[in-house]
Structures are given as structure tokens and as C-alpha cells.
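Note that subunit A is present in both complexes that follow, paired respectively with subunit B and with subunit C.
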Partner chain A sequence: MSSSINTACKIHSAWRGSTFLLGLLCFTAMAFAQDVTLHPPSAAIAGQAAAIGTEGSGSATFYLIGPSSSMKRNVHLGREITLNAGELRQSGRYVAVVCNGRCTSAVFYVSPAKPASMIFLVHPSRAPVSQSDLISGVAIPFDEFKNLVLTPATVQFQLTAKGESPAPRGVETRDGIAWFRANSGKSAGALQVQASIKDVIARRVVQQVASDPCSLRIKGQRTSNGILIETEPVRDCSGNPVPDGTIVTFTAKNGNETSTVDAPVKQDVARARMAAKGPVVISAASGVVMGNELHLGAQE
Partner chain B sequence: MKRALPIIFVIVIATVVLMFLGLTVSRGSNGTVGIASGAALPGFGASASTPDEAISNFLLDIQKRNWDRAFSTIERTSSTLTEQAFIQDWIGSSGGLRSFSSLEKYDVRPLHASDSDAEMRVRLHWTTPVGPVEDVRDFHLAKRGEKWLVVWNETPPPNVPAQVVPVTYLRWDLVSGNSGDQWGSHNVDAPHVRIVSMNAVDSAEGAIVMGEVVNEDTIPAFVNVNATLIGASGSAIDDESSFDKILHVLLPKQVSPYRIDFPHISLSKVKNVRMDVKATLVPASSDPVIGVMNQKLETDAQGRSVLQGELLNQSGETVNIPHVIASFYDNNGKVVWVSDGYVEQALLPQSSEPFAVEVPKSLAGKVHNFHVVVNQYSLQNS
Partner chain C sequence: MQSVFQNGFRGRMQRALAISALLMCLVPCGFSAPADSAPDVILNATHVGPRRIEPLTERSVLRDYKFGWANLAQAFQSNSAGALNGLFAGTAITWLTDAVQSQIRAGLTSRYLNQHHKLDAVFYAPEGDLIELHDTAEYDYQILEGSKTIHTEHAFVHYVVLMTPGADRWVIRQLQSVPQF
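== the complex of A and B ==
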């Protein structure tokens, strides 16, 4: 009991900002200390009113120190101290102190309210197709006062790709966090990723993109301006066309001379124009993927 | 007093004469290197009695931008060459690197001389925004009457005809979310870029770290490669970035060489090299497409091994300052050297410009293959 009075006195002194006088008062209070009992709420919820029961008589000063706020009020001992919803918005540990010549304190906890919003992080924003465990999502539920909801709750994750049936899965939060890992699909396109806890829903989109080109093949012909080379439609190994703008490097070798053109894929095909009169060997590469070689004879 | 007056008069006359000579000689001595005879006052008189004097006068006029006088001392091989085209050849046009350069000095070396003609090799030292650039030109001089003239047979700069070039190029724009958006709701990941090869070598100037980097993503990336040299004690000796020796904007699946120089550091002191590649999402365009044509390893007029070729602008946009970066591979496909060079003239639409980048002689025999990329600096995009 004396330790709680001592703690309360320290708080009281800190509040007043006077050390010597209050120290003397506290010393006197401790010397003549009588039991004052506080009955804090056993299951307070953030944003909900609560009451602290007191025993004794006379007026006293009440202090409430919370995780990110504090308050002071005059109260009458023997009556309930009512705490309104606004005074208990933050979840966490609260210390209630009552001083009336002597100080008594009690500790109680305020739990978060029900989930009202959710932070939902999904990574990556672009995912090459057919990759295992590539997509991950983390859901962190919060109540309406932005308190992290630590009470275990089931988050429903749902991944929906175009033309495929949704793949739901329920994951219970642990220490306020629920997460999943998933393979990327077979088809390029938008993958809708949804996380929900009851009526709280967060949606994200992962762009599934084609993987590296597969079997890059080229064809070419001589024209009056040189050689016109183009690829066959460039696709990955799942058959998805690579995105427009993907660079294909065409290389034409004519004896000890080499010509190269970095051409972007446009509508699935990359094209380049090269000037070479003699017999040439043309090859193509995109990133680290090599294509076939094309042998063209000399210009007639 | 009567005796003093003539002496004062003589002193005044002598002073004036010396001042005149001093001014004229100081004007002439600026930047002239390799003058065989000191009889002339280069830059002062238009006529020259020796080929050395003629080329020196000519180059001094170029340096001082006395275009009328320089043009008057050349013999045109083409009647279509105008003074404007001649000036453009020296000062560049269309926002090319030459437009921002000035001739700092020059060295003249005679190659051949007879009574009627002479061949001079001139090494021109230009100061440019990207550092000093050296240009070697051979000039032919011919004696016409009592005067030596510089025979000007340079091809006039390409004159691109007025035309409409349809361009349906691809462009990536970047839309960023508001700061008020919920955390994680509008995230776009940085592009995925990977270093595919790295090689560290010692050179006369210091250690060099080089290799290649590829953009594995489906969006453009602004890329920078950094390297940290770690010593035997485990502490960092030095860290440097690839600076301009990399193709910074990499389009999807594009590969770029990179080179990081560590001047005055020997690899013998280095235990480890820590590589770090940074990629950020940037708006970009796949235009212009530049072909690198007729690349071949050759020995230039100065006996250096060079990779030379032509850049062909296949689009309708002027590339003001083309920058060539080449990686050289041995027969195992390992990058053994990375070299770069700026092209001084702007690359006009549908036209070509020659380029050359140097390869160390010691490596020239090992080079089995090469890959050239072109950085594009366009004023309208900057």
C-alpha cells in the first residue's frame, strides 16, 4: 500500500511541479495513511464509458494517466468516478490515482474496440506468373480509434484472378497480425486480393505479368532499305505475351562487322531495320534469354 | 636639357614599338603547339608561307572563332560548301556536345610535306561539359601561288529533309498516390534489377569494377550501381558509383554495362567488393530507337585499338548528345572491359553519326565479342 501511495505521491508532485512542499505533504500523508480503495473496471473497452468505484468520504483529486493522455478532476469519495467514452479512446494501461491527504492508485487495462479499419499490405505489386510463394499479404486490423486489435480474429483472404474461381482462406490474427503467402497464377492480368474481417474489407490489386520470354524466334527478309527483322509473337513459357516495351536486342553479324538494334516489343512483336548487304547471321536476345539464329544470304 | 629631349623621344618610340610587338606576339603564342618556324606571327596575318604556319594560323582562327578569316584560308573541294556549313562543322548544331565545347589547345604533327602539298595530323583538345574530349584530324594543305591553303574536304553536316516521321512509340507515365492515402493502398514496387556479371581488374589508373546489369521487370527503371571496396581489416576502403558509365534508364529486359573507377587504389589491398544496385521507377519512353551499325574492332590512325561503328537514329527525334557505352567479352563470355565515349555531333532523325571507343591494347586480343548501348540526352526531354 505504501508503495502505491509513494508512486501516487510522485505523480502528484510531478503534476504540481513543486517538489519540496508536496514531498512534505506526501510524507505527512504516508505517515497518517488510511486505506482508500479504488475499484477499476475489469473489462474496459476503448471508446466506451466506464466507471471506477471508490470507498471513503469527502472530496478528493482524481488523476487518470493513460497511454497517450492524462486528466485531473475533483471527485467525491464513496461515489463512482465516471469516465466518458472520449477519455478512454486509447487502448492500453491506465493508472487511476485518487488523492485526499493521501494518494491511492489502481491500474486497469482498456482493450481495443472491434475492428473498424485494416491496413493491408500486399507484395509485390507486379508478380511474374507461375512463381511459387511469390505473393504475400499482411493484414493488421485497427479499431475506430486506430488501436491495434490484439484480440485474435479471423481474417478472410481471397485471391481472384480473371477467369478463375476465388481462392478464399481464413487466417487468425496473432498479436494483431494475419498474413498469407500464395503462388502467382498462370495468366497475366490483374489479381484481386481481398482481406476482410466481418464487415471491414480492404482490397488490393497485384498485376500478374508475363515471365521471361520463352523460345524467342525471329524471321527476316531483305527489303530495298536493308533487312527487316521481326520476332514471332514473344510469349513466356505459360503462353502469356510479354508486355509492350520489352526490349529485344537484334544482332546482325557480317564478317567482322556487327550491327545491333535494341527494339521494343509492340503488340507482341519486336521489329528492327538493319542495313547489311553481305551475308549476315542475325540473332535476338531479350534480357538473358537468347533466340534462334537466322542466316540471310547476300543482297542480289 | 637639349641633350635629354632626343633621348626621351627615342625611349618613347622604343616603348611604343615594344608594346606593339608584345601585344602581337602574345596574341600569336596562345595555344600554338608544333609550329616548325617562329618567323610568322600566327593569327596576325592571313597569308602563310609554310604549311606549318598555315595550319597554325587556321587553327588559331578556329580557336578564336575568326570564322571569316579561317574560311578564307581554306580551299573548298565542294562548291556547295558554305561558310555556315563550315562553321557548323566546328561549333556543332542542334544542341550537340560540340555546341557546348571550346577548343582549348591543339598539337600539330607533320605527316608528309613537299613543295606543293603537305599532310598534317592535328590533335584537338576540346573542353566540354562532360570533361576533356580529344579529337584527331588529318588536314591536307596545298600551295596555291605563294600561299598555303587548307584543303577542306569534310562532308557537310547531314541536311535532314522536312518530313513527317510517324512514331507510335511506347511511353510509361508515373502516377503517384496522395499522401493522404491509406498506407499500403497505392504501393508500386521498385523495378526488379539484377547485376548479372561483375569483374574487378587493376589498371594503370587504379582499380576498376565492371559488369552488366539487367532490368528483369516489366517497367522502366532508373538504375545506379555502387561498389564498396573492403580491405583486409574488413573496413571500407572506398565507395564509388557508376556515375555516367551506365545506361541509367533501362527499359524492360534491357541490359546495360556499368563501370566503376577507383582511382589510385590497387586491388591487392582489396579483400572483397560489395555491390549494390539501386533502381527507382521513372517515367520513360522507348523512343528513340538507335541502331548501332557496322561495329568492328580496328586500329585507328594513332595505333590505338578501337571499336568503331555508326549510330543510326531510326526515329523522328533528335538525340542531342549520344553517349556510347560498350562492354567487351572474352571467349568465355566474361566482361573484360567497359569503355564509353560521347559523340560530339547531334544525332539527327533518320541519320547516322560515327563513333569510336577505345579498348586497351593488352585486351584487344582477348576480346571475342562486344555489346554496345547508347545513352540519349535530348534537350527537349531534359
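== the complex of A and C ==
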């Protein structure tokens, strides 16, 4: 029994001893550690050198943890810690930590620099003419270090079609983004779309193409092999020739018999040859547009 | 008899020590459990424009942003940039990979614990190919050198986020912290 009590006492005294030692160590460490105050930069800009003021004396270890970098180096307290331009390239939140026995930290932000490039998204790449709100563009300015520039800036959008005067418009960025929506022009061809902030320019091209055919007129004649039918030049409602490959469907009715041929437009005109001996009524259609009817008598 | 009593006392002592050791293990384990818990993310898309976000898109953005932060936390805790692949692209993955690599060089690791993210969708492009989010994030942030914690804080951080659609997910292209929106 007494042996057990002795064992317990030994454990207890050992515990007290270690607590005392631990306390002594902590006290010693705290005595050597100094209070350090950090003065981080209040308006740092990406890619520009800055400095962190320190108070205290002696040497310490300095850490800087930023959006894309962490670094560690020895510094002398009481002197400014210089941060070179390369260490502050990324915009965002930085944590500066100084340790000399005890660690002290401070947080500061680095703002983006001025716009140096731009992401410019334009849709669609091919646009039928005379469509309202069909073309859209989104411009996002970045500085030279790929930081999104969030300070409001005016983006000049300019749409220029062949034979038409440019239509500029200024849009201020909101949350780093400026955008527009516009009607497509009246004539087919390349539409130059440009976004600019001062000397930063981004250009895109939208190919404006004819819309659906507006009307169809056909003509035809009998030949030794059957009937040769062709359209007049097929155009949209703005007078633009429809693209090659637009399908025109010709239908020939002879009593109860009906035959159909699809023909692509080639150089503005669609042509087809149909075999029919009796009197026929021929019609044509493309998309939602119907052409005139053509009545041809029986083959002699 | 004395021997039996001593053995019983030793046994109880051993059990007590074992229980204490177990408790000592469990207490920090309990505190570190949130490190493995998924980030808590909510998304408000009521004020977005010029295009409305479809419900399916909203769910995808929320899911992928949440996975993105879980992977980010894992990458920074384990100093493994590979965890960033898949949900980050463009500038975001370049910056984060550089951050992990420089962490390794400096002998640091960092932890993002107990993450809560309140997302506001502020811009959704007319053609649906870009979304901008504002994230008001709250987490316990720790920086460690080896096993020594050199910085710890309960951080409130604002992030401007750009996401674009990929083949089967939304990827984070820009993750930029700002002092305020």
C-alpha cells in the first residue's frame, strides 16, 4: 500500500516538476520574445515596390504569403522590410508575419495596376442580317500581371460594317466587366467589332450573312430529257444573296403523282431537272418561303 | 494480497493513462474534424444579369465552386498542386500552383478550416459563357512552418470569381481577393 502511495507521489511530483520546467521555459521564451508591430502598406499597387514598417530591435524571420507566392527571409526589426515589385505582382490579400520567438502578423491588400490587356468575347461568329439584339460582346480588362481590373473604366465599343459609318458606344465597367448587345447590320459581309480602353484594343470579326430567303420565283421549260427548272437569284428581305448551299425544294404534281427534288443554291440560283411527261404544276419552297406555281403542258 | 492490490492499482493507473491519452488524442481530432468537412457554400442568383441562370446551371456552379475550395484547401494543406487540376483553369490554376510551389520552397503549409462561402452571382454573360461571382468567405486560416503555427486568424475575405463552362463542369478561371465589393 505504502509503495503505491510512494509511486503516486513520485508521479505527482514529477508532473509538478515538469510543469515548473515548462513554465520556466515559457517565461524565458517570452522574456526573449519582443513585441513587434508591423505597419503594412495601405495602398500597394501590383508590380510596384512597397515597404512594411517594423518596430522593435534585433533580427527576426519574415514571411510573406500572397495569392500566388510565399517567401521567407531574415530581417532586422526597427527597419523597413522592402518588398520588391516582383514580390507584389498579384493583386489580392497578403499576410505578413514576423517571428522572433513570438509571431506577429498583419494583413494588407495589393490593388491591380492599370489595364494592359483585355478578354473580349463576341458572339456569334456568323450572324444573319437584320436580326435584333443578335450580336453581343463582353470585355474584361486585366493588368499586365493578369489581375482583373475592378476600378471602373470606360470601354469604347465600335461596330463597323462595310459601307456603313462606325457606331461607337462607351460602356463603363461594372465589377470589372463591360458588355453590349446590338442588332446585326443590313448587308452581308464582315462586321468589325472593337473594344478599347485608352490604348488597349481588342478586335473581333463577325461574318454577317444573308437571312432566310424572302421570296422565290421560278421558271422552267421542257427539254428532251424532262423539265429544267431554276429559280431567279434567291435573296433575303434586305436584298442580300443567300449563301451557296441553301436548299430549295422543287415539287412537281401530275394528277395524283407528286415528285420532289432538293437542289442547293449555287451562285444565287438553284436548278433542278425533273422527269414528267404529262401536264405538271411545279412549285418551290425554301425554309418558310413558298415560290410561284409554274404550269407546264404535256410533252409533245 | 499486497501484490494483487498493487497490480490492481497499476491496472487502474494504466487504464486512466490510456483513457487520458485517448482523450488527448480525441480533443485535437475533434477540433481538426472541420478540416476534412466540405466547405459550406450558398449561392444567391436573384440579382444576376443580363442573362438569368437556369436552375441546372446554378446547381453545377454551386457544386463545382464547392469542390474547388475543398481541393484548394487540400492542395495547400498537403502541399500538392495536383489537387487543383480539374476545377481550376487559366490564371487561377497558375496562381494557385505557384502558391503551392512557393509554400514548399518556404517550408510552409496552410489550412483553410471551417469554410463558409456566401456567393452572389453578379454577371452572367448573354451567351452563357462566363459568370462572375462575389464570394464573401469566412474561414479559420492557419499558416504553419513544419508543425509550428506562425499565423492563425478567423478570416473574412471577399473574392471576385470568374467561372467558365467546361465540357462537363464549371471551372474557376479567376479567384481574386479584394478588400471589399
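Criterion: the second predicted complex is superposed on the first by the 265 of 300 C-alpha atoms of A that agree within 3 Å, B and C clash if a C-alpha of one lies under 4 Å from a C-alpha of the other, contacts with A are read in each partner's own complex, and residues count from 1 in each chain.
Convention: a residue touches a chain if its C-beta (ideal position, glycine included) is under 8 Å from a C-beta of that chain, and two chains touch if they have at least 3 such contacts.
It should be emphasised that the depicted structure is a prediction, and the values quoted were computed from it without experimental measurement.
Superposition of the two structures on subunit A leaves subunit B and subunit C fitting side by side, clash-free. In the superposed pair of complexes, A:Ser132 makes contact with neither subunit B nor subunit C. In the superposed model, A:Pro264 makes contact with subunit B only, not with subunit C. Using the contact criterion defined above for the overlaid structures, shared-chain residue A:Asn84 touches neither subunit B nor subunit C, since it reaches no partner.
When the two complexes are overlaid on their common chain A, residue A:Ser165 makes contact with neither subunit B nor subunit C.
In the superposed model, A:Leu121 makes contact with both subunit B and subunit C. Judged by the touch definition given at the top, the superposed model places A:Ser70 against subunit C, while subunit B stays out of reach.
In the superposed model, A:Ser42 lies in contact with neither subunit B nor subunit C.
Once chain A of one complex is fitted onto chain A of the other, the partner contacts of A:Ser224 are absent, as it touches neither subunit B nor subunit C. In the superposition on chain A, contact is made by A:Val209 with subunit B only, not with subunit C. The gap separating subunit B from subunit C at its narrowest, counted between C-alpha atoms of the superposed chains, is 10 angstrom. Across the two superposed structures, the residue set of subunit A contacted by subunit B and also by subunit C is 121, 123-124. On the subunit B side of its complex with subunit A, the touching residues are 168-170, 172, 182-185, 187-189, 196, 214-220, 251-255, 286, 289-297, 309, 312, 314, 370-373. Residues 1, 3-4, 7, 63, 65-72, 90-93, 95, 97, 99, 103, 105, 107, 109, 121, 123-124, 136, 138, 140, 146-148, 150, 174-177, 179, 181 of subunit A touch subunit C in their complex. Against subunit B, in their complex, subunit A makes its touches with residues 119-126, 202, 204, 209-210, 212-213, 242-249, 256-264, 266, 272-275, 286-289. The residues of subunit C lying in touch with subunit A in their complex are 2, 5-6, 9, 50, 91, 94-96, 98-99, 102-103, 105-108, 110, 122-123, 125-127, 129-130, 132, 134, 141, 143, 145, 150-151, 153, 157, 160, 162, 174, 176-179, 181.
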